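Note that the chains take the letters A, B, C, D, E and F in the order they are written out, and that residue 1 is the start of every chain.
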Amino acid sequence: MDGILSLALANLTSPLILSFVLGFVAALARSDLTFPEAAAKALSLYLLFAIGFKGGVSVSDHGVDGSLGLALLAGVVLSFLLPIIGFPVLRTISGLDRTNAAVVAAHYGSISIVTFVAGTSVLESQGIASEGYMVAVAAAMEAPAILSALWLISRGEGDRRMDAELWREILLNGSIVLLIGSFFIGMITGQDGLREIESFIVSPFKGALCIFLLDMGLIAGRGLRGRGGGLSLGVVAFGIIMPLIGASLGAGTGVLLGLTTGGVMLMMVLCASASYIAVPAAMRVAVPEADAGIYLTLSLAITFPFNLALGLPIYLAVAKALTGA
Amino acid sequence: MQTHDAKRVAIIIEAPMEKRLTRALDQADVTGYSILDVKGGSGRSGRWSGAGHIGSANGMVQVVCIIRPEKLDGLLESVFSVVDKHIGVVSVSDCQVLRAERF
Amino acid sequence: MQTHDAKRVAIIIEAPMEKRLTRALDQADVTGYSILDVKGGSGRSGRWSGAGHIGSANGMVQVVCIIRPEKLDGLLESVFSVVDKHIGVVSVSDCQVLRAERF
Amino acid sequence: MQTHDAKRVAIIIEAPMEKRLTRALDQADVTGYSILDVKGGSGRSGRWSGAGHIGSANGMVQVVCIIRPEKLDGLLESVFSVVDKHIGVVSVSDCQVLRAERF
Amino acid sequence: MDGILSLALANLTSPLILSFVLGFVAALARSDLTFPEAAAKALSLYLLFAIGFKGGVSVSDHGVDGSLGLALLAGVVLSFLLPIIGFPVLRTISGLDRTNAAVVAAHYGSISIVTFVAGTSVLESQGIASEGYMVAVAAAMEAPAILSALWLISRGEGDRRMDAELWREILLNGSIVLLIGSFFIGMITGQDGLREIESFIVSPFKGALCIFLLDMGLIAGRGLRGRGGGLSLGVVAFGIIMPLIGASLGAGTGVLLGLTTGGVMLMMVLCASASYIAVPAAMRVAVPEADAGIYLTLSLAITFPFNLALGLPIYLAVAKALTGA
Amino acid sequence: MDGILSLALANLTSPLILSFVLGFVAALARSDLTFPEAAAKALSLYLLFAIGFKGGVSVSDHGVDGSLGLALLAGVVLSFLLPIIGFPVLRTISGLDRTNAAVVAAHYGSISIVTFVAGTSVLESQGIASEGYMVAVAAAMEAPAILSALWLISRGEGDRRMDAELWREILLNGSIVLLIGSFFIGMITGQDGLREIESFIVSPFKGALCIFLLDMGLIAGRGLRGRGGGLSLGVVAFGIIMPLIGASLGAGTGVLLGLTTGGVMLMMVLCASASYIAVPAAMRVAVPEADAGIYLTLSLAITFPFNLALGLPIYLAVAKALTGA
């Protein structure tokens, strides 16, 4: 308990979190501080490339064993399952209609790569290793949840809106392709490749992440100011309860798979985090009648900050306890 | 200078629908259009601004087609099939064009 | 396809005035508009270009509202209260819209 | 509110021709125009998109001029001298403006 | 004197100044070299974040004492005063009307953060320390000058155009918020935080500043080409005289406050530099009838290059002489 | 032979090439992965600045001798000549009309700076030095080819479309100005200047180049998908044969000039590479009736990848053999 608290405190006073807080506060105070869209996009591509590459290098260091396959499978299953678990919870505590509830739940089966990146960053500053292939698990968990949401909706209405085209779009969306692609580049080029571009993707990484989190804070704050008032208490509660449910399942799975402390923590982070890029884009197309104000705001302005500030230290402490580290 | 009657159709639609819309235009044999970025706005679903957004789920684009008057109905129908349930505004106005052979 | 008469109002105004303009629109009960970036131009106060500018003092934006004809006068008045002393061009044209219930 | 008849000319042209076009406008005494970015489109020469492009050879821009009706012919002629062999669409529509003294 | 000359020469042949010159010359030669707006904006956010953070870390190292409060107060007073001093000077030598003169003068009470950054960079290459809190003074000096300008105008006309909304906009403008915010982050996280993001905000800083100054050169050159011809000799002269007046006041204040050599120099830089972001944006809204061509061009294309190329070495030499360094 | 193969293999598995391949494959698979235009532009300005600066520093280290002048002259002559050599070849194997053939040929007289940058990067990882002034040769070769193309067209039609304005635009285009300008900055500031901004322009360079090549891969892949099918076999063949012709001429010239191994290789790279920035922009204005789909696609989607993947190791092996290294 004491460990969690001191960890939480260290986390809360890290430049990463403080940068997020700065953005958040600036937005709530209605400052005109904004980040150019192109710069934010470029920064996110940089983070994806770097995290994928480093994951690949780490796999090339330790070799691939059966656990990679198992972890991927577990990730896909969890991504399918989490919305189905979340859906009745959300319906019960919020009273959202079937469509909106299904769409919101889908976000929690998928993942937030920035939360994942922040998680690896916490591990790094504590000198805790983790399975490099967790990056691949992250990529694998992006999409399945979408299917669960559509199944939940169709049970009520009996129609489907997913065409082949939309599937292609989701599975080949930029984040997934870049993450997997750079993972493979890292795996192929290994330490030699890393040495060549280390001072681009390793040393400035944390600073770049600060700037990115500053922008995320701005977006989350603006979201909360714009729509936050409109979120019912039940919905907001879900945005905090669901990560904890997800993290518990992730913890169990991680331990069953025999992952390291770092690996268990990252699995928890993946399950606890909610998508705000891939799933919203797919939902806009497939379920236009769902209210984007609910799902985007909840995922960005409630769950993301919760995970960043409180979730990460909790998940790490639990992972440590479970793996006896 | 010799000008010819034409219609200018402007469609404001969510960015994730852009490809579907242009595909529908191609299928309706409307091969001339231009796409402009919309950087913010307001509608029944509230205000939004593209500033700092990282996904494309939140943005909108404006697609402008200049077409011969007789092609308008076909165009509107195929546009409507895409825009139907979606956020979006479709407006049509009269205009004149130079070089009508291009349309 | 059934269309309805509407007006398309396009206002080109300095970026620092954008919020004031949209606030005036909100107050005049015009809740539908889209904002586009203007990347350069020329007027009585000379040429300008957004290229490389770091503040927003220099840029301009175009705000487009599509409204029912009967709301035009109210809109113009509230726009005028903001644009008055400012750089800016206001143009109005006729158009047709689909789905009139949206306006 | 008092408005005045005017014409709105919209020219979509390749980015490398932008300066030549605005020079022609200046020479035709059209000193009011705004330039908007076009981020993609389709025409007789196929589809294109600005995404990721590094040179300007590939982009297009839209130049919008609002002018008094009597100046239209002069403008179109000087525009035509530039646009002639080039990719590009010129459309003209009627509009009303506030503050006619500005044009 | 010899010291100034050799310093000026060293300054003039530094990559920073040469990058500015390159941009300036390219613009005058009508090259199409341009910097994407989004990239320039992102770069300026980076510079603000880095300079604020480093200032905060330095305060956390040395602790806060009463001098911080005094320096802040002095900065605010100077920001109010400088336009009121500059106004009659400008009226006399240029014949500008009251409104335009007041608006131009306001720019000289506020500050140019890039000139400040270039100043810290000169100090660094000479290994001269300075008070970390000068960053906070810079932020405090951004806005008061605007009030002076409006007071000068209203004395003639008897109206005011500042509403609460505009004040909020000015005081919470992006630059101020980011500067102050990152200053606090630096203060809270101290050397530990700095170590984490050093290779992002310290090592590449000077190179990034080069690129930014290249862009500033382009903007200044284009401004001069576009409107430069229209500036009267009197106005141009003001753009060079006023920085010297400001610097003198800054020097006196710095010495009175007992600042270090670096601190005195930075106080001079703040007083000598003219705003081209915060004040122009406010003036566009509050005093639309003033001619933006005059104030933007003067501040960007005359005063900024003057300070960068000649001002910085002069101010440093004076600061050294005054503090006996 | 064996050397070439192992070199080619090392080249093909470097992060640089793999990043390009990732972009290329993503585009062919119709992923929506895109790079914001502004970020790509900014990255290209960074690469130009860094490469120019480093070239200048290297000249300041070794001093300027007569060989610089000779190399510049040779570059200009080659730029003029290559389109005139390529034109009949292209006409013969592709049957393109005179105008389109001339315009396509012009691209091969000019140069691709990214191919050049990738070439210097290969040299660096092998620890092979090269003449710093090759950067200046690159800049000198950008434009002359355009004149040759217009001469080829006018022989058929008897008209010219180049006005003074267009010449100014071409000669002062952003890339040339930035390259030459930063070359001079590097020359003036030398090692001192380099030390100040090294951690901005040297250490992260290769990583930044990876990201840029990823984007180039996206563009090339999209080009190929969009128009690739429309390129006749003869045109495609030209896109591979012409680099080899150019490289041979470059090799001969380099040896005659007495360049080092690295210098010979870079001269080959310059002659082998095809422009996709300066020349297309000029041709859009001067020869609007030419089909941009042909010249842009060929240069970007055929010749650029060919040079990157196969050309560079071949040219290096030949340069080594010719200079006995």
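Rule of thumb we're sticking to: a residue touches a chain if its C-beta (ideal position, glycine included) is under 8 Å from a C-beta of that chain, and two chains touch if they have at least 3 such contacts.
This structure is a prediction, so every number in the text was calculated from the model and none was measured.
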{"item": "Joint neighbours of chain F and chain D, given as chain labels", "value": "none"}
{"item": "Pair with more cross-chain C-beta pairs in contact, given C-D and E-F", "value": "E-F"}
{"item": "Most remote chain, CA-based centroid, reference being chain C", "value": "F"}
{"item": "Gap in Å, rounded to a whole number, between the CA centres of chain E and chain A", "value": "41"}
{"item": "Cα-centroid distance, chain B relative to chain D, in whole angstrom", "value": "18"}
{"item": "Whole-Å separation of chain centres (CA-atom averages), chain A against chain D", "value": "45"}
{"item": "Residues of chain B touching at least two other chains", "value": "36-37, 47, 56, 93-94"}
{"item": "Residues of chain E whose C-beta touches two or more other chains", "value": "32, 34-39, 41, 169, 199, 203-204"}
{"item": "Chains that touch, pairwise", "value": "A-B, A-E, A-F, B-C, B-D, C-D, C-E, D-F, E-F"}
{"item": "Chain E residues within the chain A interface of the complex", "value": "36-39, 41-42, 45-46, 49, 53, 168-169, 172-174, 177-178, 181-182, 184-185, 188-189, 193, 196-201, 203-204"}
{"item": "Residues on chain A engaged by chain E in the complex (per definition of touch)", "value": "13-15, 18-19, 22, 25-26, 29-39, 42, 125, 199, 203-208, 210-211, 214"}
{"item": "Residue numbers on chain D that touch chain C, as the complex places them", "value": "1, 3, 6, 8, 22, 25-26, 31-37, 61, 66, 93-99, 102"}
{"item": "Sites on chain F touched by chain D in the complex", "value": "34-37, 40-41, 44, 165, 169, 215, 218-219, 222, 226-227, 276-278, 280-285, 288-289, 291-293, 296"}
{"item": "Chain B-facing residues of chain D, complex", "value": "12, 36-44, 47, 60, 62, 73, 76-77, 80, 83, 89-94"}
